[in-house]
Each structure stands twice: as structure tokens, then as C-alpha cells.
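Take a look at these structures.
Two complexes come next, and they have one chain in common, chain A, joined by chain B in the first and chain C in the second.
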Partner chain A sequence: MLKATIDADILKESIDAISALVTECRLHTDENGISTRAVDTANVAMISLLLKKEAFSSFAATRSELGIDIAKMKNIFGMMAKNDMITLELTDDIHKLQVSFQGYKYSITLLDENTIRKDPNPPTIELPGKVAIPGAELNSAIKAAAVVSDKIALGIDAAKQIFFMAAEGDTDHIRREFGKDEVSFINGVEAKSLFSLDYMKDMGKVMSRAEEVEIHLGIDHPAKFSFNIAGGNGHVEYLLAPRIEAD
Partner chain B sequence: MDWTEKYRPSHLADIVGNGTAVHQMLDWARGWKRGTKPLILYGKPGIGKTSAAYALANDMQWEAMELNASDTRTKAIIERVAGAGSTSGSLTGAARRLVVLDEADNLQGTADKGGAKAILDIIRDARQPIILIANDLYGLASDLRAACDPVQFKALPARSLIPHLKYICSVEKVQCNDQALKDIADNSAGDMRAAVTTLYAASIGKQRIEEPDIRTSMKDGRASIFQLIPAVFGRCAGAELVRMSYEVDDKPDAIEQWIEANLASLKGPEATAQAYRYLSRADEYIGNTNRRQYFMLWRYATVTMLLGTNVASGGHGIHERISSPRRWQRMASSKRQKGIRTALLGKLGGLIHMPQQTVRDGYLNLLSILAEKDPLFFARELDLDADQLGLLIHDRAKAITIAKALAVERREEDKREKIKAQKKTAPEQKIKPAPAVTPARVKAGVLETVLPDEPGSPPPPQQEKQQKAGGRQSTLF
Partner chain C sequence: MGVALRDIIVEYKVPVTWEALPGVAAVDAHNALYQFLSIIRQPDGTPLMDSNGRVTSHLSGILFRNASFLERGIRPVYVFDGPPPDFKQKTIEERRRVRVQAGVRWEEALAKGDTKEAYKQARSSSKVDREIIETSKKLLSLMGIPCIEAPSEGEAQATHMVMQGDASYVVSQDYDTLLFGVPMLVRNLTISGKRKIHGRSVTLNPEKVTLPGVLKGLGITREQLIQIAVLIGNDFNPGLKGIGPKTGLKLVKEGSFEKTLREREPDFDPAPVIDFFLQPPITSEYDLAWHPPDTVKIEEMLCGEYNFSVERVQKALEGIVGKAGQKTLDKWF
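Our next item is the complex of A and B:
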């Protein structure tokens, strides 16, 4: 069972965060809020999203699982205005989510949860290097890198205490370094991995709205980007597998 | 949950049959390093190719990602998904990620033509192991085949399916008698997925499965004409024959042709006569069906010819090879001949203003005799080619010579026309080409024989006369 009211902007932000990676997902609801964890088709990136009940203006739910077609949701919510209040309602026996806003009443057929990929196990990797950077800064560096290449290196230079993002194209090269004054080093150990810009671009758009993104890095290891949404009442974690460098 | 998913083997050791293939895969996986060729697993549906790929990933503790036919597989998506999958490291810390491109033979030329090339590009840049899966190895582009190592999966023998089916029964607490299991295994033709699905379908709502339950849940098999014909000539119950005839892809008129083609195998003239009697009766029903477009009549045709022939054969069966109907072949070869005849009759009919049928029935012989007297004239005036003239004068060799002569004549005429046209544009040029006169005179001579009552008309200039002759020809006859 689910009965909740939420600000359109928050819901949109959450849907956008998910849609950066997957087109469908399982949404888990319980009395504390909603959450999801999904991996993209290529098994390269994972999103974990948590929206606490405080993010909603009213929230009542029991433990259940919803198969959500994210692409469809995105289209529907495209027409919502800022500050609209949206009511979500789900009864136990029917596979339809009632969404109402602005006098519109949608009845959205949910996907059969069995047809959606199983929830991935939470990864158990150690990523020692940790920095925190404003989302907007991260996104513009990604955008800059996308001009010259299709992959980007993220790393920490432990000796100089510098966080860098660098992209190597066939002919061009771009490098952006962040010193202590721009990023906060939580744990400045040596790290460097290469990532696909295809993914980084989509994730960057979402992260640009975050005040601060915490990046966890290792050497040729996945990267974790974690940031808050919904004014601190929600949390998103992206995990992205590294590119294997050609020799 | 679907049993085929539920009982999908998760370890290579659990794969039924195909030991060689499984070993080949394991060796490949253990020795895999960057640059190792991808594998193509190929074989009939339902024999464990996809299961083996996942079991391999599981046994090697690799991650697996799949791109199958239910995903839209355009070039862009293949590049993005399989490309990202094959060049990225693991997300969860597994050593490798196995990229499984299922139904690779269906991918080409369907959603996007660039699919095959996209896969080749991915194979070239891959930094993770890739397995392609296909039903038909030769359905893949040859350069794709060359870039991979093939591993064949063979259909499973019926007896090797039974233990697995038994195991499923015991886990699901379904009782199934041995004969029913054997029926399932025999009918699935080595397709494990079909066998498990049949068992699943038969078990729904039941605790015990008997043979009759199997029939309804069986994957639809379709009888072919090569099963029907021996059955018709052998010992087979009438109802079974009729059922088979509904399953074959051929219509009753085609089945009739097949039966007729094999009547030679009947013993003795009485039996043949009897069979022909029933066949002709059936043919009447088929004719009526076509005429009235009332397809209910087909069933009478079917029953009459199947049961009638079956009775006539006395159940002796066919001992020679089943022959295919020659009628269609004959009709195809006579098509050309018919075309020639129609064209000739059309031209003659136009000449004497009569329908083709009247010409054929009453005048063809007459015209034939006339044509034999002066074939060149007929050929020229009616524009007959060698085949048509040959049919008219019953002399092929002569017709060919005449047609050749006529062709030469035409060419020269063309040449003359061209020169005349040139003369028109350059009138000061006075040289008259010599050969231009001769054919024209021949033409004029012919004209006189055709139009004997106009001999005294003043000879007009040659060109004009020629045009007039052509024009008059069509109105006079």
C-alpha cells in the first residue's frame, strides 16, 4: 500500500536521477520512505536512491514492491509545473498506480516485478580516495571533457593534494585540477581511474543540481558518486565501473 | 514461475548433454586473455546454449550481461550497451564481465543494418570475454564467423531428457508416469525447453500426469506431406489421416496431386482404377469449391481422396521413394509454348478481325496453308518471330531462316531511314545510297501482290509509297 503527496520538483529530481541509467526499476516502499537500486543493461553503472518520508508532504506506506517504467514516468511528469503537489496512491490488490496532479488523474499500469532485473547486491568494494566537490563544477568539467574525448580520468594526486579530471582525445587534451580551495579532501590518497563519458554525461546532468557530490575513488576501480536530493531528505549513490585502458 | 527459468542450470556441471561443447567453453574461459577470439555457440533452440553461457559466467564468478532479441538492437544500442559492457571493468569486483549477445543471427538486417558491423567493432575493441549465440551459424555474416570460434551444441537424445524431467517432477511433487515422460521426451525432438514447458503445461492444476494429459500440452507439431502420403498408402486410421491432412501446409488440391503422383505404387489395375475413381470424385469437390468459393466442400474432397485411396491401397504402403507431382513442372515448361500460341493467335485474330478462339477452331489450318505458301510475307506483315512463325508453318528450321532474313531486311531498312533522316537535315547532299533502292522495290512488289486491283496507281515517291503501303495494309484486311 502507498499513499503519498509530494512536491513535483522533488519527484522529478528523483525520476531524473534514475532515468540517467535505467528505463525501468523496482521501487521498494516501506514505512520510512521509498528506495530503489538498479543496474543498467550493460552492468556498468548502478544507482541507489533513497527518498525518506520527510521528503513527502504526507506519506503512508507498507512494505511493497512496484515495477516502474521510468521512461513512461518521465514523459508523464514532463508536463508538471514546479510546486505542483502530486498524489501517489497504490492499493494492494491492483497493479495500477494512481497519480493525480492539477486535476489530472493518471492510472499507470505497473510492470510485473518479475520481469525486471533482480536487484543487484550492494557492492562490497573499498574505495579509499574521497573528495567532495560542488555538483555544478563536476558537471562542467565533464562537459568540457566530452568535447575532446569519450572517456575521462578522475584521480587524486596525493603528493600535491590535487583532485584532477583529465580527458585524452586523439588530438586534443584537457585537464582540470582542483586544489584545496575548491574541493574538500576527505581522504586524499592516490587514485586514478578512467570512465566512460557516455555515462558520466548523463550522471553529470543530475549531479549538477547537487550542492556537493562526494566522490570515492580507487586505482582502476569503480567510482562512487554520492549526493543528497530533496533538500537533504533523499540520497543518491551512483556507482560506475571503470573503463579498461587499452594497452 | 516458469519452469524453464526455475530449473535453468546454474552450473556447467548441470548442463544436460553436450559435454564436448561445455569443455570447450571452460577451456576458453580459463585461458581467456585480451585478444582471445569470442565464442559462437550455435545449435537448435532449447538445447542449452544460453544456459551454458550463464552457467559458465557463474562458475567462473564473472558478471554477465545480456543483450537479446527482446531488447531493441539497433547499431546505436549495440554500441552503447555491448560497447560499454565489453570495455568497462566490473562494478562489483568480479574479475571479468561476460558479454552475451543472444540470438546473434537474428540481429542482422532486422532492426538496423549496421548491427553486424557494430558487433565486429565491439569484438575488435573488447576487453572482456564475449559469447555470441545463434541458431544458425551460417546465418551470421562470414567476417563475423571468422572473428569467432564456433562451438556446436547438438540436440539432446530423448533418453537424456528423461532424468531431468524426473528430477523436476520430484521437486515439484508431481507424479508422472514413465510412459508420459517418455512421450514428452520423444516429442520434443531434443529440445529441453520444449520438454520442460510441456511438462509444466501438463502439470498445471494436477498432481498426476498421464499420457493423455501430454497430448493437449504438447508443442504443436506439424505433419508434413512426406508423413501424410506414406500414411495414406499404409495402414492408418481414417480419423488420423484427416487430422494429418489438416496439419500439413498444403491445400487439398495440392494433396490430391501428391496422391496422384504416387498412385503407381498401387498393386494391380483394379486398385489403381478404384483410387482414380475416388480421386476424380474428390477433384469434383475441389472444382466446386473453387467455383462456388464455398470452402466447406474441401472436407468432402479431403475425406474422399484420403480414405478412398487408403482403401484402394489395401494398406500395402509405399516401397519406392515418394514422388512429387509432375503436373506443376509440366505446366511450368509448357508455359512458354502457351505464350507463343497466344501471341500468334492474337496477331492472326487481329488480322482477320476475329476472336482468338474462333481463329483457333476454324481458321488456323487455313491460315497455316496460306502461310506455308508465302511465309516471308506473313512474317513481315504480322511481325512474327521465329517461334511464332514455326508454329504457324509447322517448320521450325525454315521459320528460323526466314526470321533471320527478315531481321537483315529490317536492319537495312533502319539504316536507310537513318540516311534519309540525315538527308533531310542536309538536303544539299546528293549522293543516293545504292542499297536503299533494292529493299524498297521488294516492298513495292509485295504490295502489288497484296493489292492486285491497284496496279495502275501512279508510282509515288518511294518514301511516300512505303508509308502508304503500311497505312493501307491495316485498313484493307
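Our next item is the complex of A and C:
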């Protein structure tokens, strides 16, 4: 069972965060809120999203699993305006989600959750380098890098206490360094890994809205991007596998 | 092999671009494997082989073709033949005879040093045997591509999947598929690109044939198209000597199908063949799911067991998995 009311903007923010990586996901509901964890088809990136019940204006749910067609949701909610209130209702027929806003009533057929990839286990990865940076700054650097290359290096220079983002193209390169005055070094140990900008661009758009994004890095390891949504009542984590250049 | 409808269908073949093809493609597996085996050969006709002399042409075809399908947003599902209907026995025996004969001629041509003839005969000697099928299925499943067993003919099952809305079109070189009622048949997908025909190198591009287009163009019904196939011969009956597609079309259009058969082959009852095309054994129980390729196991199989070049295999897999050097999260889970 699910019966909830939520601000359109928060719902959109959540769907955008998921749709940056996957087109469908399993949504779990329980009395504390909703959550999902999904890996993209190429197994390169993972999203974990949690929306606490406090993110909703009203929320009541029991434990259940919903197969959500994210691409379809994105289209449906594309026409919502900011501050619209949306009600979501899942009755006993667990294959139809009733959604209403602005006087529209949708009955949305859910996906058979058995056809969606099983939830990945939460990975345990040691990523010692930790910095926090404003989302808008992160996204700007990603966009700048995308002009010259299809991959971007993220790293921490421990000696200089600098967080850097750098991209090498065939002919051009770009480097942006952030000192202590711009980012906070939670743990400024040496780190550097290379990532695909195809993924970073989509994730960057979503992260640009976050006041602060915590980045966890290692050496040739995945990166974790962790940030709040829904005014602190929700949380997103992206995990992105690195590209490793052949020697 | 198949049915010689080409002459009357050629007008209704339409070139199709790769951009128009994303979606689920139901591939006639036997046909695709046969194409790989017959085409992927060295100039003297020797197929690709590993150090133990095992044929690997089909594995090469499966890897590189599917990598390019997936990269272009085409999700293939391979439909394998089940047991053939009894009346196909003759065709199967005839094919075996042709194949064995071609094998002998291939060796003769090689002995004479006639490479061109050797290549031609070698192609005709291709055989999709159990070993080929099993290794193909293994590689396909490692690539995360679904394989389906048809209750009988693969083309019929593939057609059914298109009718069910689970696939967008059938991929096969054979026009038989049209007789089973497929709305859209796409050709040259498993062989497109540069190919040697009669010693000349030509570029083959994908083309589509739609059943409504063919029927409308010829001014006949699907039942009549099947009648033509019965007259000219197909996988299930040898047809009448001297009747080709054009004569067949004329006879069927003037309503002389039954009369012609009565006069020429009074003992032949076409009903089982016609019924088979109209209502072939099919199943609606199949599972369609694509998974990311198991790159480690694919490398183990192709490079470890069959001597493929690591570099080439990795390059093909990159297209599916992502850009060069892109790691997957698997390693950290």
C-alpha cells in the first residue's frame, strides 16, 4: 500500500536523479519512505536514492516493491509545474499506480518487478580521498572538460592540498584546481581516477542543483558522489566505475 | 535453400538505414550461422580455425556482428530451429548430398590450385552442426543475448514474436519468412558490409521487405504467395520443373494453382505444406532479457579456448560495454 502527497519539484528532482543512469528501477516503499538502488545496463554506474517520509507532505506506506518505468514517468511529469501537489496511490492492485495532479488522474501500469534487474548489493569500497564541493562548480568543470575530451580525471594532490579536475583531448587540455578556500577537504589523501564524461555529464546536471556534493576517490577506483535532495529529506549516491588507460 | 521468390519480390525490397533499425530483432539463428560459416573464410575457402582445427568462423561472426548490433541499439534475440516437420526430410537429404559433393569438389579444386572454385565449393560445404550450434549458444549467452528454441522452424517462431509485438522484425536472408506471415523481414544484416560475390567485392546494405508491400504490389493474398512457393518449390516440397516465380505468379493469379498441380503432380497433396506455412508450431512461452556481456568469460572462451586475438575481442566488447578502458562495477561488488 502507498498513499502519498508530494511537491512536484521534489518528485521531478528524484526522477531526474534516477533517469540520469537507468530507464527502469525497483522502488521500495516502507513506513519510513521510498528508496531504490539500480545499476545501468552496462554495469558502469549505480544510483542509490532515498526519499524520507519527511520529503512528502503526507505519507503512508507498507513494505512493497514497485517496478517503475522511469522514462515514462519523466514524460508524464514533464508537464507538471513547480509547486503542483501530486498524489501517488497504490491500492491492492499492485500493478497500477494512481497519480493525480492539476485535476489530471493517471492510472500508470507498473512494470513486472521480476523483469527488472535485481537490486545490486551495496558495495564496500575503500575510497579514502574525500572532498566536498558545491554542485554547481562540479557541473561547470564537467561541462568545460566535455568540450575538449570524452573523459575526465578527478584527483587530490595531497602535498599541495588541491582537488583537481582535468581533461586531455587529442590537441587540447583543460585543468581546474580547487584550493582550500573553494572545497572542504574531509580527507585530503592522494587520489586520482579517470571517468567517462558520457556518464559525468548526465550526473553533473543532476548534481548542479545540490548545495554540496561529497566526492569520495581512490587511485584507479570508482568515485562516489553523495548529495542531498528534497531540502535534506532525501539523499542520492552515485557510484561510477573508472576508466583505466592501457599502458 | 529457402524459396526462389527473389525474381518477383526484388521490386519490393527497400533499402533501410541502420538508424531506422534500433529495437528488438528476431534473428533466424540457423540462417545467420550458415551465413557466418559460408562467408567468413579465407580466400581458398578454408574457414577460420583454432590451433586444434576447430571451425571458429561462426564465433567470429557472432561476436563482431552482435557487437555492432548492440552498439547501434539493435537488441538481437536468436531463434533456433526445433525438430523439422516430416515433409522437410527430402530437402534435408538433398542439402546433405549437395554439401558432401561440394566438400569433395573443394578438395579437388584445392589440389588443382583453383582458389576461386575452391572458395565457391567450400561455401557450399558449410554445415551448421551440433557443435556449431552449442558453441554459438554458449557465446550468445555470455554476451547476454537471449536464445530461443522454436518448437519447429525458427523463422515461424521469429515471425510469431513479431506478431506478438515482442520483436520489431525478423532478420534472415530467406524469403520463406514471408510465407509464415512476417510483417517485416530485414535482409543483409548478418552479412552486410563488403562481401565477395562471384569474385567481385560489393558492398551490401540492409534492406527490408514488408509482406503488405509485396502482396499489394503483386496483387495477391498471402495464401496465393504460399501457392506460388508450392509451385516453384520451397524447403518442404521440390516444386514443379520448369516453373519459376514469374510463371508461378501468373498461374496462381489466373486461378490455375490446383489445376496445374493436378495435371503435373496428381499424387502430391499440397495441404500439409500450405497448412504448415499458415499454422506452424510456435510457442508463446519465451523469456526475453538482455544482460551485460560477461567480458571475462568471453575472453576466456574466445582467446583461451579458440585462439582469438585478445586485442580484437576486447575492441569488439568495448563497443558493447563502453569506451576504451571503461571498467564495470562488477569488480568492486
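Heads up, the rule we're going with is that the second predicted complex is superposed on the first by the 246 of 247 C-alpha atoms of A that agree within 3 Å, B and C clash if a C-alpha of one lies under 4 Å from a C-alpha of the other, contacts with A are read in each partner's own complex, and residues count from 1 in each chain.
We adopt the following convention: a contact is a pair of C-beta atoms (placed from the backbone, for glycine too) under 8 Å apart; a residue touches a chain by one contact, two chains touch by 3 or more.
As the structure is a computational prediction, the values presented were derived from the model and not from experiment.
Aligning the shared chain A places chain B and chain C in steric conflict.
Legend: residue contacts after superposition of the two complexes on their common chain; A:A42 is shown touching both chain B and chain C. In the superposed model, A:I125 lies in contact with both chain B and chain C. On chain A, the surface patch touched by chain B in one complex and by chain C in the other comprises residues 39, 41-46, 120-121, 123, 125, 196, 198, 221-222, 239, 241-244, 246. Looking at the complex, you find that chain B touches chain A at residues 1, 34, 63-65, 67, 71, 80-82, 84-85, 87-93, 97, 125, 127-128.
Residue ranges on chain A touching chain B, taken from their complex, read 39-46, 114, 120-121, 123-125, 196, 198-199, 220-222, 239-244, 246-247. Within the complex formed with chain C, the chain A residues making contact are 39, 41-46, 115, 120-121, 123, 125, 150-151, 194, 196, 198, 221-222, 239, 241-246. In the complex of the two chains, the chain C residues touching chain A come out as 289-290, 292, 320-333.
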